[in-house]
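Heads up, the next two complexes both have subunit A, just with different partners, subunit B and then subunit C.
After this line comes the complex of A and B, so read on.
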């Protein structure tokens, strides 16, 4: 009998249920647990003690935390700009007919498949002062005066790590830009050529505007990536040193949690980091959930 | 200068730039393999080239000293296990969101997409706490569930974009054939979204195979370590014996590179697929 309310169709909900449960337990719950525990003093073993906002005020007055945040910002901005400019350039070249196109694409993409740990160890050796590739190359071309302590000089170490991050992800962003460029209709360029627009004009007036959303997605992905997943590479290559010159927020947070057994402060700092990343994540979410003509 | 020579000149310049980036991208990896075949002496004297007297003994040493066989199996367990969880979970949810009509659908979709806003780095410490309370730390199951959960936001987003492109009358045709709705989904609709499944296998498989941050936080027993953990530890212990270290790196990297070279097309397109639609 179906009087009044229609029977609710449970099938769609059952299909969504496993994802909702997993996601709630391992993403949403930890997030709120982190927020909650950021108000406690806790070493990871004994009974947590409520201390209000003290973890936050401790973090805010911790000069090392701000130093690590500053490094995170420098790192993120450099990585984002260099990655995107180079990837765009390479895609711009690859999209036309060049010899060995597939070989170049496959090769430049290769580092994307490697783990940060392998890359970190490998590049520590590339940077090795006496036997590393870079310094031995500089000796070979007779530029000994350019030889630097790539990872041992506190003024340079952070930039050396930035180079490795760019190296790893360049191919990834290149492929995204390439896919975007290949999707632009040839008609635009033909029309522009007939109107006498040269290559540079076509780049400014067709390619870049047409790639608008691709550029935004690439920039956001590199920003969030550089802000919140630089732990691996820094930990493997420098461990935050020398003299804290490569300490980024994540390495500092993990040190606080496990080396100094200060879980509460680590959580508070995670939340502060989240507040910074939130903005980029929010824009990315808005773009991704944009209407695509199919009802959501 | 004629138009044609100018074009040839440009082409040379473009190719040259690509060549430089190609060498910078590939050579360090090639160099790693070269180094793994040298003895300690040659490693320091013949820096750039292939070994004059290649030997596989470093591989045997690395394999035995770091118990890499065990770690390799751990890595396979965790990666395959995670994929076995996340592929059905993400496919079910994204199918419902893409193709079924029900109340609250938009809210469920937005809720799952929130994961894109919360980067894993921020979740490291609290995930440790939650897993601790559930007794899931220091276990492969714990890692598998965490990895699967972390894949949901992107996974549902990517899979949904594949499901929405399928023709609208598909479900009706499938029901007429006498399947249950779940049966018709598994037998008829999911195979049509095979490209989406492949994308997820590649995208998540690669991420999980290489994952270090969460594994480093959650796994403490040596015999449960995944490959990236083992490599990082091994580096700490063998800072002097570089050829052996390079052999260990090569062992960890080789499976991925072989798969990548064999199916580089679907590899590259798979990873690009999700982001481009954004």
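After this line comes the complex of A and C, so read on.
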């Protein structure tokens, strides 16, 4: 194809076309359809009725929606921080020669291969007050006073679910950090050792700066993942309870759509959630990628 | 090489679009897609394999007799049915019969005009049901579903061996229950369990205590409340909530119940870890299948409010059949022929008994009753006369969720009954102001609305009767 005197090679664009078409059909179009439907009152069956911004107004005045948003943020921030710190530390340990290295790597990665539903059911039994492994173990070691209502105490339930999410994805992030650490040239460490830098200084001045792009990717993935993929685990383990203490925005949106037959409000809440995640992700990417000079 | 790749990419795109397109023009009306000689049943997966086998057998004999094919789309849970129905409605797929609970119909499908008014359609077949069975399937004087599963209610089940072992009598009042609980607790046995890990289950004990507090008038009170004639901030509501709190305060209900779901509760019970459990009567079939030799007895939920009588939730239609209002007119005759066929006593007995593990509690369709046992006899003779319908079939889903949410807090002492009632009242007020919620929606329907759910013609089912 020619535009003026400049010849444009269409081949690369054509190669991207299938992905763009799929992305448009399954992401872009549903997004705009959702945005459109957020201005309607619709029960999923009858004819939609245009109600302007009423769904947004109702969502903004819905205290349970804001409670679920609060839980979503707590969940996302905790999961992101804990996952990345632990994954980094594990990778830092396992990048060296340690006994049973392969066994540890495999064991830590194994939960990644299991579905949220399987993990949710498994951990529900682990947390079970009468049959659960945790309470049985605490009883066995004589620490009954440490037994808590892991999934039944509204002050604890959300953190119990966070633990499960961290457990599931720890291996995935560890592998990414491990790959990043293995790619750092040993010359840096040798030079630093000759200059007298100890292990901690090498970590601060070589490993972390060299891993910046890996950290950005890991944090962004875990943050957006925690915002957008917490439905299954919460639904299986607690269903949003007890007393809405684990209600996250996705479970509440799904309830509005399919339990309360309020598709319009569910779409409006989805748009609000999208706006928050977009802004949050953008700021995070902007701050963390500053040194590498990425175009954001 | 490049040329081949370009051709391959274009071919993939063409295939993609072709596979996404429909063979016929899309329409939300089912008229275009319905096949005259096929019926599609949408519903949750059968809980017991025996029930699915019974459906398969009855359907095979129906097809052999009539030549009409029946496709069963049975998967997922009862909760998924609404969502699956919505997607089929939007995509214009054929659905002729829905296996659904009356609770879903009264909360969602009937007010949205999505199920057919069966009042006239089923009239020739009313004699297939024992008297009064269709009452709880009726809203605003119109029949919306036909019950096609055992009736269900709330009940306590206990382990008679444990009571005998410790020389205890089954409690009927709070004072007796406290004494019994002390003995069991001292011997390492959980005195009583509910499935508090399932959020939805918290409303069930409230049905019973609110029934006690109102002298069996709980349905009328709720109807008045939803109609705006009274508030949920009411001494009877507080009394019902505080009665359940007393169970926790007196060591009858322990913290284990707060995180125990139905499976765990049943496992605790059949392993002898707990002496008594509370739940829907549908758990009786599961208990029997878990441990066929295990001795189980039923008893009424003890009276927790002084001077009150026992009251339980009980209704037919928990598992029922509805016809979508958007069914093809051409296929309605086939559907009614199928309905007539499965309501024949021998077919109804095969399916309904299989669903109930052999012993339905109640005869919901004439002839659909198996051998009674000590539990079903008790439920029929003692519990049923003391029953009112499920309150969650009356109040909307949002209200049920709100009540379930606060009940665990009240029982656990984290919230007062007054605050809980205020929270629930706020939820109703929000529903009214934001969603234009009206309780008696049938009174506000126009002629046109009724026409949408009324069959154009009534097939003569008597022509097929044997």
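Note that in this section the second predicted complex is superposed on the first by the 258 of 296 C-alpha atoms of A that agree within 3 Å, B and C clash if a C-alpha of one lies under 4 Å from a C-alpha of the other, contacts with A are read in each partner's own complex, and residues count from 1 in each chain.
Keep this in mind: a residue touches a chain if its C-beta (ideal position, glycine included) is under 8 Å from a C-beta of that chain, and two chains touch if they have at least 3 such contacts.
What you see is a predicted model; the values in this text were computed from it and never measured.
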*asked:* Quick check for you: in the superposed arrangement, does A:33 touch first (subunit B), second (subunit C), both or neither?
replied: first
*Would you sort A:259 into first (subunit B), second (subunit C), both or neither based on which partner it touches?*
second
*asked:* Quick check on the superposed pair: does A:46 touch subunit B, subunit C, both, or neither? Answer first, second, both or neither.
replied: second
*asked:* Just to be sure I read the superposition right, which of the two partners does A:25 touch: subunit B = first, subunit C = second, or both, or neither?
replied: both
*For A:154, select first, second, both or neither according to whether it touches subunit B, subunit C, the two together, or no partner.*
second
*With the two structures laid over each other on chain A, which partner does A:115 touch: subunit B (first), subunit C (second), both, or neither?*
first
*Residues of subunit A touched, compared between subunit B and subunit C (which is higher)*: B
*Would you check which partner chain A:176 touches, where first means subunit B only, second means subunit C only, and both and neither mean what they say?*
first
*asked:* Looking at A:277 after the superposition, I want to know if it touches subunit B, subunit C, both of them or none. Which is it: first, second, both, neither?
replied: first
*Would you mind listing the overlap between the subunit B footprint and the subunit C footprint on subunit A?*
11, 15, 18, 22, 25, 125, 131, 258
*asked:* Can you tell me which positions in subunit A touch subunit C when the two form their complex?
replied: 11, 14-15, 17-18, 21-22, 25, 43-46, 54, 58, 61-62, 124-125, 127-131, 149-154, 239-244, 255, 258-262
*subunit C to subunit A touching residues, read off their complex*: 2, 5-6, 9, 12-13, 16, 20, 79, 82-83, 86, 89-90, 108, 112-114, 190, 196-199, 255-256, 258-261, 264, 267-268, 273, 396-398, 401, 404-406, 408-409, 414-415, 430, 434-435
_Show me the residue ranges of subunit A that touch subunit B in the complex, using the header's touch definition._
9, 11-13, 15-16, 18-20, 22-23, 25-31, 33-34, 37, 86, 89-90, 93-94, 96, 98-100, 103-118, 121-123, 125-126, 131, 133, 136, 167, 170-172, 175-176, 179-180, 183, 213-214, 217-218, 221, 224, 227-232, 235-236, 250, 253-254, 257-258, 263, 266-267, 270-271, 273-274, 277-278, 281-282, 284-285, 287-289, 292, 294, 296
_Of subunit B, residues touching subunit A in the complex_ = 11, 14-15, 17-19, 21-22, 24-29, 31-32, 35, 43-44, 47-48, 85, 88-90, 92-93, 95-98, 100-102, 105-106, 108-130, 145-146, 148-150, 152-153, 156-157, 161, 164, 181-182, 206, 209-213, 216-217, 227-228, 231-232, 235, 242, 245-246, 249, 252-253, 256-257, 260-261, 264, 267-269, 271-272, 275-278
